[in-house]
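Take a look at the structure below.
Labels A, B, C and D are assigned to the chains in the order they are written; within every chain, residues are numbered from 1.
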Amino acid sequence: MKKLRVGVIGATGYTGEEIVRLLARHPRVEVTYASGKEERNLRLQEIFPYLQGRIDLECRAFSPEEALKECDFVFLSLPHTVSMRVAPLFLKAAKPVVDTSADYRLKDVKIYERFYKTPHADPVYLKRAVYGLPELHRARIKKAKLIANPGCYPTAAILGVLPGFSDGLFHPKGIVIDAKSGVTGAGRKADKALLFSEVNESFKAYKVFEHQHVPEMNQELTQWAKKAVDVVFVPHLLPLNRGILSTIYVSLAGRISTASLVERYRSFYAQEPFVRVLENGALPEVKHAAHTNFCHIGLRVDETKKLAVIVTAIDNLGKGAAGQAIQNMNLMRGFDEREGLYS
Amino acid sequence: MKKLRVGVIGATGYTGEEIVRLLARHPRVEVTYASGKEERNLRLQEIFPYLQGRIDLECRAFSPEEALKECDFVFLSLPHTVSMRVAPLFLKAAKPVVDTSADYRLKDVKIYERFYKTPHADPVYLKRAVYGLPELHRARIKKAKLIANPGCYPTAAILGVLPGFSDGLFHPKGIVIDAKSGVTGAGRKADKALLFSEVNESFKAYKVFEHQHVPEMNQELTQWAKKAVDVVFVPHLLPLNRGILSTIYVSLAGRISTASLVERYRSFYAQEPFVRVLENGALPEVKHAAHTNFCHIGLRVDETKKLAVIVTAIDNLGKGAAGQAIQNMNLMRGFDEREGLYS
Amino acid sequence: MKKLRVGVIGATGYTGEEIVRLLARHPRVEVTYASGKEERNLRLQEIFPYLQGRIDLECRAFSPEEALKECDFVFLSLPHTVSMRVAPLFLKAAKPVVDTSADYRLKDVKIYERFYKTPHADPVYLKRAVYGLPELHRARIKKAKLIANPGCYPTAAILGVLPGFSDGLFHPKGIVIDAKSGVTGAGRKADKALLFSEVNESFKAYKVFEHQHVPEMNQELTQWAKKAVDVVFVPHLLPLNRGILSTIYVSLAGRISTASLVERYRSFYAQEPFVRVLENGALPEVKHAAHTNFCHIGLRVDETKKLAVIVTAIDNLGKGAAGQAIQNMNLMRGFDEREGLYS
Amino acid sequence: MKKLRVGVIGATGYTGEEIVRLLARHPRVEVTYASGKEERNLRLQEIFPYLQGRIDLECRAFSPEEALKECDFVFLSLPHTVSMRVAPLFLKAAKPVVDTSADYRLKDVKIYERFYKTPHADPVYLKRAVYGLPELHRARIKKAKLIANPGCYPTAAILGVLPGFSDGLFHPKGIVIDAKSGVTGAGRKADKALLFSEVNESFKAYKVFEHQHVPEMNQELTQWAKKAVDVVFVPHLLPLNRGILSTIYVSLAGRISTASLVERYRSFYAQEPFVRVLENGALPEVKHAAHTNFCHIGLRVDETKKLAVIVTAIDNLGKGAAGQAIQNMNLMRGFDEREGLYS
């Protein structure tokens, strides 16, 4: 069997690194190209010593010519606003792309431009891009050439409320998503606010009401619920490396017990390889989802108040970024969806 | 000036230790008695080396006779259900007590018994106890002999919503308090769930809807708002030592801008020595409140949704426990309210 | 191919949990029996939700009869002094055992008894036990029925100095091993000294000169160097979950440059699947060895002082315990030595 | 009593911030000038909200004219190589300076230039500078106009070995200092290697043999021991905010028991207000020294090997930087040496 030749553009950020780590043990692919902005000309295994003996590849400054020549499938782990200038190079050469930036996620370019403060450079491919959340769009992902890999917060939030919207149990109004993310979610960038001693032993809310992932959640949930959904979203920065826990408050349109809601969720996700609905009142903990591609979900209903609290946990680099990107590649190439993913 | 002779019963838990640390530099008191369950017969300065040269006192097994003889003012840092058996010993001898347990906080013994699973042993002194939140009950604290020092979560929550309830701006229904606490909040007890490797690199919700601090919040807020308040409260465990951040979601009864709400809060708390309302849209961070007796408050309004998000930060051992206990002692004894507290 | 039926006795400690996690994805084995002291009667996948869909097994109180019936190969993850009472049950039934406790590591029972404060209960099998460090004893491990899986500190220390002892480059006297371990090394036990808020934001040395792993290092290094080795060993407790970094100071018997020493180490370990000697002056970091079965080694020589500093990093639960245990099983059963291990 | 008008140049780094925090509660000084590179034109209390109500001062870009006009005593918390261009401005105007950089610590400019890669710009004042370790140079500090505040590692190391060198008990050769520092020691600078997710859950050695603090230790110890001392120094980066623990290995020239060595240290440091030698075999922990100006020392002797292990703990921002700077100011101005310092 010939292995798929895969390139990772932006291999030295947290998401790019995690994609490489996962690909290094994926039985059906070979990483044949890697680029990174600041570590150029080092070999990947010098930057990440745990790759020694697994990968032997120079991490170069990005060259479209080299990349096009050396790989047949591409992961883009570039900053927002950069991806949309790079993706077309590969798409035009019929090389499929999974883009982990936000550039192809928002269908409405006006909303994109409001949140990312720049005109969209590639409205053409944007139209063909598929939002890569397999639990929502598996069939379309299988046929896609360009995947907009979902944001970490939207993955954790959307998976938490899908089953309740499928038949009107949840009110579309007044959903509160209080989300807490580990620090790798902010990327590997030289920013004083992300220094160890700034984050450690602290905790804070940020971008209240204004986070760029809000329109992504609203777009997908509105489409799914077939009613306008406009979430209240407050993200927080957790002093840990990997993981998101979202505590979601929803008003119930009808009466339901905790046990019945758990049952409904379990049945909704029964065929999903990477969603676990916890039983017996268990609530998820970040550590059990970290270093996996799973979303763990726990549920509690206050019947008097007609309110449900849904708690979801994912690894922001796993199901929230690199893991989901590999899952999408597996679907696009007809591999087993679980191949090469964390076990 | 003769110093007040103070005893700390339960000096080796996190709250007791912090009370001793603060008292050791308080200019008007002397710690003359300390008891602790497990470290008995060690000197305090051996258990806590930073006390060497500050305090020279044996930490003994609790003896009522010794305690009554050796101190004139008592802090009880005992587990819930134990304090109410110890406090009367001191009160009958006219020695004032600040109790940091929950035993004297809930005026309705039925509610106490439901949450703490035991009959209340001291309904007589319960009636005379004053809930020790100076921002609510300063005048009564000054005259009290028994202070029920507030819980850490209620302190962080109540201070966050008081100004909005004072004239009906906040709907009493539907308040959501999503709170996150550092691990010292759980006490220094040998519990596997609190081991470093269980908590570190993780995060979880717990006691959803069921936390024993809920009735405390409802009691004080209902009394203040003069309407029934029944909060939705979800606490979480943060991987850090000290600090609580509460993210509070309230529905607005009327229109108000963020700037006006900030102004209203600043004016409400203008005379308070230990509340800081942040300006210019700043949001509090745990690290800035940690190791202080302050509550920091930040505010944001979504005028379209008629929703306010209030974020409060305290040190759970400072304003949330030991610091507030000292503040109460200062009020009871007529000292400067800020004396001996973190500067 | 029929899978090996494996049992894990003590599956709820950190080492036992990690053995189960690794076995759950090992292609040649099936976990058919698991026991644990405190979580009995829960299913493993309830205790460790990340096992849902991977393993479906009750975690019972240990029953020799059940264990003998339900598995053909056994991992013991029991406390020191307990293993030596359990291992013979399996060995007598010809079921091979990998024991992760210290009970079968020290060949001299007097030394065992001095450090573990109890007579050795099984001197017979002790004689046949093989010290399970593949880099030292691979041939004997392949034929062994009872493996004494090495301690985490000895693994990190011995691998760091083996190449220098093989031809007299290192003085056997005066080796200083300054070791720092993550908290899982202390086990999952309800001990106040291991609480999050005791360990977090702190660091300390402990058991200076007296750690029970000292005789283990001396035994193996003396045997290898063919001269009496008596190390100076000071362990420290790091505020992190997984990993050991050892900084080793050795006097050089002759002149050698850093580059030559690196070369000598690379050549010594060239065939080893789980040792990486870093090039170009790189020094190991805990994070790159964590969640792997590798030992990473970095070296520096001060030629003037005739001194080498060797820094080694392992995951105390990986190469330092569970990973190495699986590696030993692989060798004993003729599997690929790397099978099922972290990639 | 008129308060001393104090300026802090570089008030937004970790050391500068801590100096301001301490000065804000010092009864004999007033902070009348503060400059900072990146936060210019914000008020200090906006940058550090815990200063609200304590200080009301704009943090400006540094202006020599303003600074000279507005303060009479100056703390420089500037990067190495910058201080030596700024200090003379104040010294020429007869305003005393405590410099927390390395610029005035090394008496031999050649050594300075080798380690700091730049010619020394101010050899004149360098000659008059006093190395600000009160335990070594108290009398000279009292009369000094320019203090070279010691490095954090040298403070922790020198205090650990002084008593043993005072009468030849310690061999001057072969001292090994294995030091571990919290991350604030590296300063508040936008450096990817200091990001939370790079440091957290990791640990590493760095600058083996080459750290710029080595010549500082050698200079002071050689002078004190009256014999050439050349230490082996390996620093490590701890995943915590504040604190240094140094584990020091020294060869003993004669026989001495642990108890006698402890006694010798206690007697040597008996009059020191900020050194605590622990009794009864206790070893220091970072958490007990953190947020204080103390150095805690624990000792163990291996009589057979004629080796002592000395463990010291300080707060790198306390006794290792800002606290010691205040202590020096107190001595220079004739205040109580302990005034305004952590209690």
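Basically, contacts are C-beta pairs under 8 Å (C-beta built on N, C-alpha and C of every residue); 3 or more make two chains touch, one makes a residue touch a chain.
Bear in mind the structure is a predicted one, so any value in this text is a computation, not a measurement.
Asker: So which chains count as neighbours of both subunit A and subunit D?
Answerer: Joint contacts, listed by label: B, C.
Asker: More than half overlap in residue numbers between the two sides of the subunit A-subunit B interface, or less? Answer same or different.
Answerer: same
Asker: From the centre of subunit C, which chain's CA centre is farthest?
Answerer: B
Asker: Distance from the CA centroid of subunit A to that of subunit B, rounded to the nearest Å?
Answerer: Once rounded, the distance between the two centres reads 39 Å.
Asker: Averaging only over C-alpha atoms, locate the centres of subunit A and subunit C and give their separation in whole Å.
Answerer: Comparing mean C-alpha positions, subunit C is 36 Å from subunit A.
Asker: Taking each chain's centre as the mean position of its Cα atoms, how many Å separate subunit B from subunit C?
Answerer: Whole-Å distance between the two chain centres: 45.
Asker: Spell out, as numbers or ranges, the residues of subunit A touching 2 or more other chains.
Answerer: Residues 198, 200-201, 239-241, 284.
Asker: Going by the contact rule set out above, which residues of subunit A touch subunit C in the complex?
Answerer: For subunit A paired with subunit C, touching residues are 24-25, 46, 48-50, 52-54, 201, 276, 278-280, 282, 284, 288-289, 291-292, 294, 296, 343.
Asker: Spell out the residues on subunit B that touch subunit C in their complex, using ranges where they run on.
Answerer: Going through subunit B, the ones touching subunit C are 14, 182-184, 188-192, 194-201, 239-241.
Asker: How about subunit B: which of its residues touch subunit A in the complex?
Answerer: My answer: residues 176, 178, 180, 198, 200-206, 208-209, 230, 232, 234, 236, 238-243, 245, 247, 249, 283-287, 290, 298, 300, 302, 305, 307, 309, 311.
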